[in-house]
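Before anything else, here is the set of structures, which you'll find just below.
First chain A sits with chain B, and in the next complex the same chain sits with chain C.
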Partner chain A sequence: MEVDRADGRNPNQLRPLACSCSILHRAHGSASWSQGDTKVLAAVYGPKAGTKKNENPEKASIEVIWKPRTGQIGKPEKEYEIILKRTLQSICILTINPNTTTSVIIQVVHDDGALLPCAINAACAALVDAGIPMKHLAVAICCCSAESGYCILDPTKLEEQKMKAFAYLVFPNSILSVLPEGSSLVQGEPMEHGIITSVTHGAMSVDDYFHCLERGRAASAKLSDFLRRSLQSKLPGDLSKAG
Partner chain B sequence: MDLRLANMWRLTMNEKKFIKTALTSGIRIDGRNPYEYRKLSIKFGREDGSSEVQLGQTHVMGFVTGQLVQPYRDQANEGTLSIYTEFSLMANPSFEPGRLGEFAVELGRIVDRGLRESRAVDTESLCVLAGKLVWAILIDLHILDNGGNLVDAANIAALAALLTYRRPECSLGGEDGLEV
Partner chain C sequence: MGLPNASEDLSSEMEVDAFRRLFPLRYFERHLAESIRPDARSLSRARNTTISMGAVASADGSALAKIGSTTMLAAIKMEVMTPSLESPDEGCVSIDFHMPPICSPLVRPGRPAEAAPVVAKQLSDTISSSGMINLKELSLVGGKAAWMVYLDIYCLDADGALFDAALLSAVAAFSNLQIPTVSLDDGKIVMLPEEQKEENSEKEPVNKEKRKLTLGGIPFSLTCILHKNYILADPTSEEESIMETLVTVVLDSSNQLVSLYKPGGAVLAYTSAVQDCIALTRQRVKELHQILEEAISGMEID
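Showing the complex of A and B:
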């Protein structure tokens, strides 16, 4: 089903992606991720001693601070912080540095739709830049579902507001395997088929949701490639970078 | 990655002494002359009223927004200008989130005083309806990276953001104010 999008993309097309790492000097790791006009800056400070009161001291904990573009921190920002924290906790290896806190600070530079996925991608790249041990990377994508049931990917702010419902989906990074057997199997299914986080707004039918999931998963392969390429380009010479 | 944990970094006595003795003989640790400035670059964002300033390693972003509010009683025909500076952990690992440190307040005051005393913003032109509606300009300064000399960088960021800010048009219809 053809649909006209304001900027001429087709329903499965993502906006141009850009990622740059190591832009801040004080932070241990930093990355800036932009999808079209939405731009987010993430900074990571490596393990600090001590955890907060209600955190488990036997594991490392992750603290997320979300800074909006203008204005004070309010409820939507707190919600984003919690979602981001849960997502990052499931991809980082928490047993390596117990009783420490790793801080991730997200600064919104410009918001033009799909803000949370952009922030998750930026946070992931910043964690890699800082050298925090992780099980695998995560890629996040936003899918919208409209009245007639078709779904579009990576909406702009105007599109997001017009749509009936949208979902932010986070998938694990697709694995580039060196073994001929292919990716490792988790409970009998390849790992790419898992999902880390799903946040939905609005009302959509179950079929629509599964449809969005499929489309999102297909597009996440493209995002994974992009993430891998931009992170790989800084690997070889950077072994001497100390914290 | 270094074994030093992020919140335990301190300047050692040796380093402090070295910097002081070097300064007395006119040498700075990055090789500049005493009166030399670092490279300054100002970039503007896509929207009106956003700027990004880089002074060497110091990185500051400024955003300007405006809102229609009721004016103060004693300044019924002038708009207001307010600065909000927030130091986050991003700039410096020793900042605690949520608590506004002394330096952040001082920085906000310095920028505020500078813009207000020099009449950089004509507050009378911000008036829409005397006594009822005026524009309140809010400048948000985000310190991204603290590489020293935040006062200069913050001032430049605030000015640059103000220069690109365009006030929305509003026209009065009947007795109520309508925004366009």
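Showing the complex of A and C:
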């Protein structure tokens, strides 16, 4: 039941990842994230004061502006904006800066499949770069399910169209804590196995979904490590500059 | 930690209404601990659901669906179009979801509701990926003419679980759909008006016997709130605004998973919670299937 992938990857293999932070000068935080040919640029402005319509006296609000590569934004982009906004709201600590707005601007540079997961990863790195307080990081991944219940990770655009169904999954990054209870189990599962966001397209059996979930969790550990490493590599440099 | 303790003390001496407004989350948690909700439902119970078919006389198919007080009016209008070159023998379905200001105090006139395009996109994704409608059935003359189906859903009262009600009304409108008769006139497609169906015999209708769509796997959905270890089925808008983690599961009649939609939220969904949501949806699918069947058979008697 092997599915041959056009680029010769094995089913669990991700495309090469790249992440660079602080690439825009005017933004408070920015990051570019690429998975193979899919590349997304994220910029964060804020927390800033302002009398926007979504202002909340008890919580900070987050707005997401999605810029497609070409043309106007349509329904799919509007949906991406809402999913991204809700996902970021659930990982940020909103009570620290009440009555402020943080803008996250997502610019799609190239779309070659798994666009929303790529944007979530980029936004997450940009929020860290801007120093927005967060509960934990999040990593997003796309899993495809074929007719035979076969599952592949991080599909290209062509694979996405060919496959029966696919799921975008977002998991929390494992928390490294000095406290022993920091990495506690919730309902008998480690905390990083909980789903923050799940969006599926196409019909699949329930078992296939859980299969995707399992593969996604395994791969998200690798993604978590990569995200953590690329954020850490920039920290010592900053500290030496400050000192 | 001043606030929660304060509310604990106050709850015995305060009026219920005041307590509900000041500490909405506490108020709900008190109920949840007793396995009941403020509107006297148990946690896993959905609100009363009704469907009435043919609510709009001028439309080709229509239905009004109510889940509790959430009300959706769906209407289908069909037009003949030239199919695109890529798919010459397929019709097309276009879905629009409207949230006029009457539906909720959160929607202001002149400013479109944020949720509307998202629900519309979710609906069209769900309907296309469930394979409920075979687009080939919408073809009239291969490469020349096919049906363009405009499905418009109006939200009349938004009291939570918007997607569930919208999907139910859409499915009901499709099962109520009567395809209008058309005939070929010098290679052009002409709609036959209802009244001259009998007398004009020289114009033979091309789709005489095909007046109904055969619906494939019909999708039904259930939205649940996750809060701590509780799972609340079919939330009202008040519950949605207080406890923000929503999971929408869509299953079709053969129990295939059409969509599992969880846009963020403070509560993480673990495997057991996801399984519970799917199990609740399975029950709900049976209920909804029966309600839809009854609504259809009720139509046929009239």
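Note that the second predicted complex is superposed on the first by the 218 of 243 C-alpha atoms of A that agree within 3 Å, B and C clash if a C-alpha of one lies under 4 Å from a C-alpha of the other, contacts with A are read in each partner's own complex, and residues count from 1 in each chain.
As a convention for this text, a residue touches a chain if its C-beta (ideal position, glycine included) is under 8 Å from a C-beta of that chain, and two chains touch if they have at least 3 such contacts.
Given the structure is predicted, the values throughout are model-derived calculations rather than measurements.
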For this session: Go through the superposed model and pick first if A:Phe210 touches only chain B, second if only chain C, both, or neither.
Result: second
For this session: Identify the partner contact of A:Lys48: answer first if only chain B is touched, second if only chain C is, both if each is, neither if none is.
Result: first
For this session: Scan A:Ala165 for contacts with chain B and chain C and give back first, second, both or neither.
Result: second
Seminar exercise, completed: Chosen between chain B and chain C, the partner touching more chain A residues is C
Exercise. For A:Gly194, is the partner it touches chain B (first), chain C (second), both, or none of the two (neither)?
Worked result: second
For this session: Based on the superposed arrangement, let me know which partner A:Asp225 touches: chain B (first), chain C (second), both, or neither?
Result: neither
For this session: For A:Leu88, select first, second, both or neither according to whether it touches chain B, chain C, the two together, or no partner.
Result: second
Exercise. Touch check for A:Glu79: first (chain B), second (chain C), both, or neither?
Worked result: second
For this session: Pick out the shared contact residues on chain A: the ones touching chain B in one complex and chain C in the other.
Result: none
Exercise. What part of chain B is in contact with chain A in the complex they form?
Worked result: 1-2, 4-8, 45-47, 50, 57, 59, 61, 63, 65, 86, 88-93, 97, 138, 140, 142, 144-147
Problem set entry | List of chain A residues in touch with chain C within their complex | 75-76, 78-79, 82-83, 85-90, 165, 167, 170, 172, 186-189, 191, 193-206, 208-210, 213
Exercise. Which positions of chain C touch chain A when the two form their complex?
Worked result: 114-115, 117-118, 120-122, 125, 129-131, 217, 229, 245, 247, 252, 255-266, 268-274, 278
For this session: Name, in rising order, each residue of chain A that touches chain B in their complex.
Result: 23-28, 37, 41, 43, 45-49, 65, 67, 69-71, 100, 103, 105, 107, 109-110, 130-131, 242-243
